[in-house]
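Order of writing sets the chain letters: A, B and C. Residues in each chain are counted from 1.
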Amino acid sequence: MRATLGVFWDRLMEQRWLLPLLVAVGLALAFAIPQFRLVNNYVQLVMILAGINIILATSLNLVNGYMGEFSLAHAGFMAVGAYTSVLLTLHVFPVAAYPGLFHLSVLAGGLVSALLGLLVAIPSFKVRGDYLAIITLAFLMIVKSALENIDVIGGPRGISGIPRLTTLPLVFCWTVALVWLLRNFVYSSFGRGVLAIREDEIASELMSVDTKRVKVLAFMLSAFCAGIAGALFAHLLQFISPRVFDIVKTTEILIMVYLGGIASIGGSIIGATLYTILLEVLRPSTVAGLLSWLPAVVFDPLNEHFIRHLGVLRMIIMPLLLVLVMLYWPRGIMGMRDFRGFIPLRDRLAHRAATPRGPTRNGTADSH
Amino acid sequence: MSEVSIYWLQQVLNALQLSSIYALIALGYSMVYGILTMINFAHGDVFMVGAFLCFLAATLLDLPFVPTLLLTMTGAALLGVLIERLAYKPLRNAPRVSAIITALGVGLFLENLTLAFYPYPQNVPTLIENINWDLGGVSLSSLQLIIISLSLTLMLVLDYVVQRTPVGMAMRAISWDKTYVPLMGVPVDLIISITFAIGAALAGAAGTMYALAYPVIDPYMGIMVGWKAFIAAVVGGIGNMRGAMIGAFILGGVEIMVVAVLPSTYRDLVVFSLLLALIVIRPHGILGQPRVQKV
Amino acid sequence: MALLIATKVRHHFGGLCAINDFNLELHQGELMGIIGPNGAGKTTVFNLITGVYRASEGSIRLRESELVGMTPHQITARRIARTFQNIRLFRDLSVLDNVRIAQYSKTRYSPLEALLHLGRFRREEQRIIEHSRDLLAIFKLEHLAGETARNLPYGSQRRLEIARALATGPELLLLDEPAAGMNPAEIDQLMDFIRWIREQFQLTILLIEHQMQLVMGICERIKVLDFGETLAEGTPEAIRNDPWVMKAYLGAEAVG
C-alpha cells in the first residue's frame, strides 16, 4: 500500500502540469475568497501576511542561504520599499482616482530598494562573513535612524492614514511572480555563480565567475523583493514608522529562512508559512476556539492555566521552537534540498546518473 | 578652567562611564568569538538578565551593593554556562550559522521570558549612596567612580587571567588552533564553559552597573546595548580582548560626543555610519589580524 | 609563437620575496614543467599568472594582452585555466554543477533573460548541459553527474578538477601537482591522460610537480625554482645532469 502510494506520489511530482495547476487553483481562490467571503477577514489577513513573509524569506534566502552570507539588512530594504511606495501613493499618484497606479508605487518601492541593494553589494566585494553581517546591520540601523531624523516623513512617529490597498489576489500574484523570478535566477548561470561564491569565492573567480557582478545581481534582486514586500506590508498595516522595520523584524525573517532551510525555495515557503501560522494559531482566542469541543471539565482548567496565557507564552514558545529545530535539524526543514517541482525539468534530467545516450560527440577517452 | 573645557571634561567622564559598561559586554562577545568563532547573539540578553537579577536581589532580598553584584555575576555566569551546554555545544560541528540562529533564538527566549514576568519597565532602587564631588567644576558621583574603577579592575583581572594563568593560556591555545590543541590534553569543553562563564559574569556585572546608572530597566534593553557592545568588539578587532576594550572606549566616546554637539536622535546614525566607514577601510578592526587566504 | 611571456616578474609577501626576476616564455602547444623544493614559489607563479595575486613588478603577457592587473575571471575568460594543489572543488554542489559553473564566462544570456527563462536562455542552458556531460563522459564521471562533489573518491575529485578547468575552455592549462597522492601505476595513467587531453583539446600545459617520474616523463622543458629564483631551465636531460639542480634540489633523492 505504502509502496503504491509512494510510486503514485513520485509520478505526481514528475508531472509538469502540477505546479501550473496549483498556481491556477491558488489564483482562482485568491480572487474568489474576498469576492465570495469564503473565509473571514482574519483568516484572509493571515493569508496575506503569509504571502508577504514568503516573499521576504525566499528573497533573504538568496543572500543568506544560496550565497552563504549573513545579511541583517532585509528589514531595512523593506523600510525603503514601504516609505517609497507610501509617499508615492499619498503625495504623488492620484491613487484615489486611478487605483491602478498603486501597482506602480509598489514597483517603485522595489526599484528604489534594489538601488540600495547595490549600495550594500559594494562592500561585499571586499568584506565577507561576520564583517559583512555587521555592515548589513549598520545599513539597517542607518536606514532606521535616517528615517527617524527626517521630519517631513513623520520622523520617529511615522506615517499613518495609509489607504489599505493590499489585497489577497494582489499579494498572491506578487508572491508567485517574485518566487518565480527568484527560482529562475537560482537556476541560471548567475544562480550557480551565487552558489559557487558560497562554496569558494577564489575558486569561482578562477573558474571565470564574475563574482562582483553576481553579487550585485543577487543583492539587488533580494532587495527588490524585500522592497516590494515592504510596500505591500505598509498598505496592509496602514501605518508605518521606523520602528516597524527594526532588527526584530529582520530576526523574524531570519527565523523563517533558517527554520525552512538554507538554499531552498520550498524551504523558505514552508518556513514563512509555518512561522506565520504558528504565531497566529498560538493566540489564546484561536486555541480556545480550536479546543472548544473539549468537555468543560478538561477545557476550563486548560483555559485557566494555559490557553489564557498564550499571548505571552507564544512569545516564549516560538524562540524555544526555533532552538529545538536548530538542535535537531541544524540545516532546517529543507536545508539544501528543494521540491522537485521547483527544479526545472532540464536540470533534473541533466543530473540523472548515466542516462543511456548515443556516443558522445567527442568520443570517449580510452587512456584513463 | 574655562566653561568650555569644564563641559568637555564632564563629557569625557560620562563617556568613560558608558564605555566601561560597553567594554565589559564587548569582552564577552570577543572571548566567545575568539574561542568558537561564533557570534553569541544572546549575550546582550544575558546582560539584560544581569540587570534584572540585580533588581531582584535589591528588591526581594534587600541586599546591599557588593552582595548584589556577586550574586548577579554568579547568576549570569550560571546562565551563560547553561546556554552554552544546552544550546551551543550540540551544534559545535553543525554549520556555523545554525549556532548563530540558535543564539538569536535563545536571546528572544530570554527577552520574552523576562517580559512574561515584567511586562512593564521596572525601577531599580539606589544601592550606592549618592555623593557628588566637585572637582573644579566637573562633578563626579560616587556611582560613576565605582562603575569606572570596578570595570577597570575587572578588565585588569581578566587580562591577567588570559595572559598569565593556565586557563588563559588554554583559551588562547584553543582560539589559535582547534584541531591539534585538543589532542594535547587541553580540556576543550571545560575551557569553553569557563570562557562562557567569565564572559557572562562580566555581562552580569555590566547589567548591575547599567541598572544602577540608568535605573529604569526593561526586557528589551539588552538588544541595543548588546549590538553596540558587539560593534565595539568588532571595531577593536573581534577575538582580541584588548581590542574590545579599546573599541568600547571609542564607541562610548563617540556616542557621548555626538550627543554633546548634535540632537540626540543623530547618535545612532553617526555611530553606525562611523562603524560602516571603519569596517570598509579596516575590515579586521583596530587590533585584529587580517586573515591570510592561501591558494 | 610565444603564447605566454613573463618578464622580470617579482612578488613579495610583506618582507618575504617569493618570486624574483622570473622570466618565462611558453610556446603554443608546449608542455612545460616547473619543479623546485617546498616553498620555492611554484604555486605563487600560478597565482600570479591567474591573477590571484598581482605581481609587484614585471609583466605577464598572453599573446598581446597584459595580464597583470586583470581580475582572475577576466584572465580565465582569456582562456587560461588551472587546478589547485589542494583540491578546491565546490564541495557541496553536484559534479555537473561544478562543471557548469566553469562555463560562466561562455554563457551568452543577460540577467533579464535569466530571470524570465526566456530568449537565449533555454538554448544556452541546453548547450551547457550537453557540453558538461560530454566533458564528464571523457573523464568517466558521467554516471556521477548528480553526486555531490565531496562524496567522490579522491581520484575522481582530481579528475573532476581537471574536467572543471577544461570546461572554462582554456588554451593554456596550469596543473598544480596533478600527481599528488598517486601511486606509480596511477601516475603512468595520468601521464597518458595528460598527453591525451593535450592532443584532444589542443592545449598548452604548464605543470608543477614533485613527482620526477611524471616530470621527466612528459615535460618537454623544465624550469627549476628555488627561493623564488630560477636555478635552471632546459630539457629533462639537461636538468637531470645540471650540477646546480642536483645539489640544490634533487640532492640525495633517488631520481626515477
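Descriptive notes on the structure:
Following the convention adopted for this analysis, a residue touches a chain if its C-beta (ideal position, glycine included) is under 8 Å from a C-beta of that chain, and two chains touch if they have at least 3 such contacts.
Only a predicted model underlies this, so the values are computations on that prediction, with no experimental measurement involved.
Distance from each chain's C-alpha mean to the overall C-alpha mean is smallest for A.
Taking the CA centroid of chain B as reference, the farthest chain centroid is that of C. Distance between chain centres (mean CA atoms), chain A to chain C: 41 Å.
The distance from the centre of chain A to the centre of chain B, with each centre set as the mean of the Cα atoms, comes to 33 Å.
Averaging Cα coordinates per chain places chain B and chain C 49 Å apart.
Among the residues of chain A, those touching two or more other chains are numbered 202.
Multi-chain contact residues, meaning those touching two or more other chains, occur in chain C at positions 52, 84.
For chain B, the set of residues that touch two or more other chains comprises 295. Taken in their complex, chain A has these residues touching chain C: 181, 184-185, 188-193, 195-196, 199-200, 202-211, 217, 221, 336, 344, 346, 350-354, 357, 360-362, 364-365, 367-368. Listed in rising order, the residues of chain B touching chain A in the complex are 33, 39, 87, 90-91, 94-95, 97-102, 104-109, 112-113, 115-116, 119, 223, 227, 230-231, 234, 238, 263, 265-269, 272-273, 275-276, 279-280, 283-284, 293, 295. The touching residues of chain C, counted against chain A in their complex, run 50-52, 71-73, 76-77, 81-82, 84, 88-94, 96-97, 100-107, 109, 111, 114-117, 121-122, 124-126, 128-129, 132-134, 137-140, 142-147, 159, 164-165, 167-168, 189, 192-193, 195-197, 200. Those residues of chain A that touch chain B in the shared complex are 64, 70, 123, 126-127, 130-131, 133-135, 137-139, 141-142, 144-146, 148-149, 155-156, 202, 247-248, 251, 254-255, 258, 262, 312-313, 315-316, 318-320, 322-323, 326-327, 330-331.
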